[in-house]
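Structures follow.
Two complexes, one shared chain (subunit A), two partners (subunit B, subunit C).
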Partner chain A sequence: MMDSPLSTHLAFTLGPVPISTTVLTTWGIMAALAAAAWAVTRRLTMRPGTAQACLELVVETIQGQIHDTMHTASTLFLPLIGTLFLFILAANWSSMVPGIEPPTAKIETDAALALIVFLSVVGFGIQARGLGGYLRSFAYPNLFLVPMNLLEQFTRTFALVVRLFGNVMSGVFIIAILLSLVGLLVPVPLMALELLTGAVQAYIFAVLAMVFISGAIEEKPSDAAQQQEDTAS
Partner chain B sequence: MIEIASIIAAAFAVSFGAIGPALGQGRSVAAALDAIARQPEAANVISRTLFVGLAMIETTAIYCLVVSLLLLFANPFRG
Partner chain C sequence: MQIDWWTFGLQTINVLVLIWLLQRFLFRPVKAIIDARRDASEKLLADAEAARNAAQEAVAAIEARRKDFSKEGEAILAAAQATALTERANMLEQARQEAARIETEAHKILARERETQRHELEAQAGELAVVMARRLLDLLPADTVTAALLEALAQDLAALPAEARRELAAAERPVVVTTATALSADAQTAWQERLTQLLGKDARFTFGEDPGLIAGATLQGPHTLLRRNWRADLDRLGRSLTMPVPPSHE
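Entry: the complex of A and B
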């Protein structure tokens, strides 16, 4: 019988707090990302070397995606979206390291990431429109849709969790099943597919976070449409 | 008995739950390819929207997968 994908393995206990292997892997990825970022940004020059050029490429690509999706030139969202994307990408691809199970294949990690998105949607919404304005946005287009809009907040967060969990976990699971059935080299194409899936899922998580946040901060569609009509006429 | 029923139900959940999303994704990819063929300069916007849409459609299949996993590994009726 295989291990349930919903269970976690205990690595050690830190006093009264049990630490699972998932948390340990997450810490490792966080430390690796932070160390890489620290090491690359120590000597920033106007004439970038190889490492700095690569870093600038990554940052500019993410900023370009934010600009395209949210239609804002603001760099306010770059730290959040960039960190989410890079962390999920690193976590998904960590399954390529032998013996490491990606933290995103456990539902708790995905729930924590989606909770960050949920809270930042509320936070950015209140920051952009004020508490009253944000609450009024739930009553758009009319008051009867308040329960639907409230429900949507939770279902889409839940969908974020389940999407990332299901994709990453099913990839890991299939590779494990194939390994136990046919042996060494057969799962290699599937692992290549897993690289692609991991990148796409990280991208989609970041894009959906952008879409949710821009939906919370933008003007009502009627106002925007009205303005467009005004400028057109 | 409950184990057998759970395994059969899990297999049915995944197999039938994959049909709808597969058809939907096929339609959306076909429409996106059509649009890119007509307007190659809009390929970036179209493919970004396509990816987000595919992720949305795929969620339904993933729900079925999670339901089948719950049946197999965290069955509430197995006592």
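Entry: the complex of A and C
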């Protein structure tokens, strides 16, 4: 008997707050990531061991991706992009643990991630270009496109949610169906494929977040024209 | 489709908390150690660069010092060569002077030896002359020769100034008449009378014999010596032969 992928399961209530299994799994993933990070980084040395070298490789790879995609300093965006990637990757791969349903297979989690990206785009855009500059970016390339640009902000955020939710949920759902129909070993290739899909989806989500933020902070020709007008006046 | 807004809100908070947690426990420390390693490697490279520059400067300094050493060595070598040349010149000069001195000394020695040989030859010649004179004298009667030479001695005595003759006659010691061959008693008496006639009756005489005179006689007073013998004549001839020949005037 399969539940609806849109339904949530209540684990327990904390006072008036219902704690779903998704939140509980997320807490477990958070604890595992934080504990692993703390365990490896508490004794960092100039001559790294295997674990430290792997961790440095991951961080430097994320930094390199940020730099290559955004063409800007990666320091400011590393915590956000790196956390998004690692959390989504860990959440997607958590489906390999028997009995665990990945949090990213629930739309609330994907929506929360997309909301953070949306707020980050707005926040970094205003930080980089100022409120006026950021608002003017919606009038690029001309004023008639303001509604379309505003709509794009929401549709691409919604696309983020649906893309991640659809891929992960469908993978989990298919594996669950196969497990219920044909037994234990048949879904293994699909589970391996799900590992790849989970990594790809984490990468896509992180890259799209970088693209959206980069688009918000990069200087538009209208900004240059406005700056020239300000200088002339 | 139903969205659990509690889950949505909690997940939003969870992701934000996770961002903070990973920033606190992962990204910041890893980035710090990467930056520290990069700084260390850059410092290491800078130190290596500085060490390389220092080494290059040291090499340049050593090279310069080596060149100085080379120049100094060349100067020392030149000075040594100059000193050696000077020393060689001095030694050659000293050797030349020494050779000249030795040559001079050799000439002197040779001259002395020649002089000695000449004297020896002269002595031998004198001896030979004496021998020849003796042999010639042996051909003549000795008394006749002695008488003739005594007569010549008497003439020499007579030719003396009167003062000298008086001094001879008044001498405390008798006048010594030495002949090459001993005179007989008669001959001594005859000659004592002959000489008394010339010096006066106060004069006293003693007669002696000296074969070294070869032939003839000598008369010797306190301050007077008269010689009429071949030895004296040979000596005089020898001296005249050894005297340098005066330049001829033609």
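Assume the second predicted complex is superposed on the first by the 217 of 233 C-alpha atoms of A that agree within 3 Å, B and C clash if a C-alpha of one lies under 4 Å from a C-alpha of the other, contacts with A are read in each partner's own complex, and residues count from 1 in each chain.
Here is the rule we go by: a contact is a pair of C-beta atoms (placed from the backbone, for glycine too) under 8 Å apart; a residue touches a chain by one contact, two chains touch by 3 or more.
The shown structure was predicted, so the numbers you read here are calculated from the model rather than taken from an experiment.
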Item checked: subunit C versus subunit B on the shared subunit A, clash or fit after superposition -> fit
Note to self: Going by the contact rule stated at the top, is it subunit B or subunit C that touches a larger number of residues on subunit A?
What the structure shows: C
Margin query: Under the stated touch criterion, which partner chain does A:T157 make contact with: subunit B (first), subunit C (second), both, or neither?
Written below: neither
Next item on the list: Would you check which partner chain A:D68 touches, where first means subunit B only, second means subunit C only, and both and neither mean what they say?
Entry: first
Margin query: After the superposition on A, what does A:A112 contact: first (subunit B), second (subunit C), both or neither?
Written below: second
Checklist line | Which superposed partner A:G166 touches (first subunit B, second subunit C, both, neither) | finding: first
Next item on the list: Classify the contacts of A:L6 with the two partner chains as first (subunit B alone), second (subunit C alone), both, or neither.
Entry: both
Margin query: Contacts for A:I204 in the overlay, against subunit B (first) and subunit C (second): which applies, first, second, both or neither?
Written below: first
Check: What is the angle, as a multiple of 10 degrees, that the CA centres of subunit B and subunit C span when seen from the CA centre of subunit A?
Finding: 120
Notebook entry, point to check: Where does A:V59 make contact in the superposed view: on subunit B (first), on subunit C (second), on both, or on neither?
Noted result: second
Next item on the list: Considering only touches as defined above, state whether A:L78 meets subunit B (first), subunit C (second), both or neither.
Entry: second
Check: With the two complexes overlaid on chain A, what is the closest approach of subunit B to subunit C, counting only CA atoms, in Å?
Finding: 5
Checklist line | Those residues of subunit A which subunit B touches in one complex and subunit C touches in the other | finding: 6-7
Next item on the list: Could you please specify the touching residues of subunit B with respect to subunit A in the complex?
Entry: 44-45, 48, 51-52, 55, 58-59, 62-63, 65-66, 69-70, 73-74
Margin query: Show me the residue ranges of subunit A that touch subunit C in the complex, using the header's touch definition.
Written below: 6-8, 17-20, 22-23, 26-27, 30, 33-34, 37-38, 41, 44-46, 48, 52, 55-56, 59-60, 63, 75, 78-80, 82-84, 86-87, 103, 106-109, 111-113, 115-116
Note to self: Touching residues of subunit A toward subunit B in the complex: what are they?
What the structure shows: 4-7, 65, 68-69, 159, 162-163, 165-167, 170, 200-201, 203-204, 207-208, 211
Margin query: Residue numbers of subunit C touching subunit A in their complex, please.
Written below: 1-12, 14-23, 25-27, 29-34, 36-37, 40
